[in-house]
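Each structure below appears as structure tokens.
The two complexes that follow have chain A in common; it is paired with chain B in the first and with chain C in the second.
What follows is the complex of A and B.
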């Protein structure tokens, strides 16, 4: 049975975990299991930048994930980066099995604004769908309303929708209908 | 994007190379990576690349040297240097060496995204520019000046000689000899070819209107001037101003134009602000300007100013050998335009075309062929398909009887009027009854 594993590295009561699981389950038409492993993430810390290397977190996810899961999504509140960029909201294995999303820069308070739980939740859902979309082999979409549109700022995330555009939805449908094309766990 | 752009990432640090490649792939680019200059040169040789992202500091051959090598192979290649903050000076050196831009690691995702899009837009504009220039060159080489006769070859030689200079050219020749085509050929072969050739027929406009057309006007310059308007002098800036039928312009306009040609400055009508312009002047006339000067109809100083380099276009009757070539050219042209097969001309039709005096020159021949293309049947142009003036002129042979000439003439007029008896009677100066009698007598048919 196909299922999506959400590996949460935060026990933040501010997040609506059941809501997130429900949305992802509907979007990718699979059951969702939420886990909270006990793991020290300092291995990914880069003192020079004061940030966490998302690529290292993907590698760790590959180690600790349940091999029976179809896809595994890590969720953290740490500030993520990749070597060439100042920050990332998340990273995924393109056409692979793991992805990671950070809520660090999704909080309005990060930009000096009053916190807004609903807004943060919506941004998290969008980024989670976005990164999981990459694990199905989808690239960034030129349609700015599609959830797979590239987002470099939080405002970009707010501008796009929570759904795939018709084209990307077609690609996701094809991928879901042909599990033999997925990478082996 | 229509096609996947190809980007080569060259960086000795695996993590940089890898993360940059992944990020670019997610953005939809086709990406390859190389860890050093040697690998980069191999990968570069093996494919076509739109952009190279190049780290400046690498062991062995550094990014600056590699950039030079890559530009030796492809001078138009877009290279974006990747650098650490500490080596911004080196990045500036790279810019001097022809790099498109540089980004300091780590960069803002938006910054790189915009930089790459900007680079690709420039690449696409450069390529479009090259394509358009090639098209202009092709069109220039294909100017419709057809002619193999010695005097036409001489004209083309003169046009070639003067094209590259900025000298004012006076093209002389009878109406219909192709003066504008020669003006276009001169412009197309000149250094001004990427700007406009702006023609104005001075003979077609009354003096006031000609001035407005040439100089433009400001809003309110005269009644009805609701908006300001650019004149031909401004439109020709950078290019060539072609003044056709220069012999017809008034003395006042000659004086105004003389001033503009001398100073390269003019004012729009209704304005006292001089505007600088830079254009080349090519004039054309079928008038005897020397006689006009002698008679006081044309300013002598203006005549000498425009007659710096004169080209005389021979009338068609003096280049009889070009007639079959021209006829073939127009047959092909109208066949394409009408969506027909190109017709052959019968030997009799060619003979007729060659013996005609062509007072209207090439324009008359062009019209004759166009008409023939419309009426010709069975895939061949015959003498009867040519306009009646030619037919009658050719068929009136010495020794014909008066009755034979009358018969042909009446037939021709009837054909020309579409067998309108009243109009034919009017043209021939006969009454309708006489026309009917002649039709019966000569057994004429529509």
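What follows is the complex of A and C.
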């Protein structure tokens, strides 16, 4: 049975976890299981940057994920980076099994704005769908309204939709219909 | 060789984009696409200066002073005085950060599109950037010479490098690109820079990231061998 594993490193009651699970389950047509491992993430910390290396988080996810899961999505509130970028909202293994999303820069309060639970939730959903899309092998989409459009700033996330465009939806449908093309866990 | 591959990439991007934009029936981009994909109309028998004027009329993007990019990551833009200002685009600046060396050709020098035009350097590493267009140098940005870091801080504004009187604009424009084509090209180039760092974990193979801007002087984090390969890919030349 195919299922999506959400590995949450954040026990934030402000997130609507059931809402997120339901949404991802609908989009990717699989059951969703939420886990809360106790894990020290300091291994990914880079003192020079004062941030956490998202690629290291992906490696760790590969290690700790349930091999029975179809895809595993890590969610953290730590500020993630990769060497060439000032920060990342998330990172995914292209055509692989693991992805990670950070809520750190999805909070309006990060930008000095009043916190907005709904906005933060919507951004989280968009980034989760986006990163999981990458794990199905999809690349960035030139359609700025598509959830797979790349986002440099939080405003870019707000400007795109929560759904795939017709083209990307077609690719997702193909991928879901052909599990033999998925990477073996 | 790698530069040739880049050109092929670009051609594919251009073709795809042209198809996309054509659907949207956007006159501006359709014109640009037509020029880029099918080659610029040659306007045989019309003097070069008039040809340039005609291009300015038929290509609103050029008149709107949009930034045009060359595959070697130099840019060109029409100026008020009917000259072309040229410089190094954001990729050049990001890769090298604040330059500590900038050598520009003197006023009167003749540049040729796709040939080395100026030299930029930082911490002993250099790039000879290829000229985006052919023409005669009529002005040199003294501010950039005294403060080379302007190239990274404001690549398309105060960090311009030269003003040139173009000599082959009508024919050469087809080798430049702007708008959504340029956006796609810049994204591709950033992905190329990222790839230069290699997968940090072979288990992961390829990954995709979202968010953030390129950090300044990213090239500092590359080994000499990585730098050599990447700068050749991005800037062409030797």
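Criterion: the second predicted complex is superposed on the first by the 185 of 185 C-alpha atoms of A that agree within 3 Å, B and C clash if a C-alpha of one lies under 4 Å from a C-alpha of the other, contacts with A are read in each partner's own complex, and residues count from 1 in each chain.
Here is the rule we use: a contact is a pair of C-beta atoms (placed from the backbone, for glycine too) under 8 Å apart; a residue touches a chain by one contact, two chains touch by 3 or more.
A quick note: this is a predicted structure, and the numbers were derived from the prediction, not measured.
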Simultaneous placement of chain C and chain B on chain A, clash or fit: clash
Chain B versus chain C, judged by how many residues of chain A each one touches: C
Partner chain(s) touched by A:152 [first = chain B, second = chain C, both, neither]: both
Contacts of A:5 with chain B and chain C, given as first, second, both or neither: neither
Contacts of A:139 with chain B and chain C, given as first, second, both or neither: both
A:83 touches, of chain B and chain C: first, second, both or neither? both
Overlapping segment of chain C (options 27-35, 45-53, 135-143 or 153-161) - the one that collides with chain B in the superposed model: 45-53
On chain A, positions contacted by chain B and by chain C: 55, 81-88, 91, 94, 134, 139-140, 142, 150, 152-153
Contacting residues of chain C [partner chain A, same complex]: 17, 20, 180, 184, 187, 190, 193-194, 197, 200-201, 203-215, 218, 221
Chain A-touching residues of chain B, taken from the complex the two chains share: 1, 13, 15-16, 18-20, 22-23, 25-28, 82, 105-110, 112-113
Residue numbers on chain A that touch chain C, as the complex places them: 53-56, 58-59, 62, 81-96, 105, 127, 130-131, 134, 139-140, 142, 150-153
For the chain A and chain B complex, residues of the former touching the latter: 49, 55, 81-88, 91, 94, 134, 139-140, 142, 150, 152-153
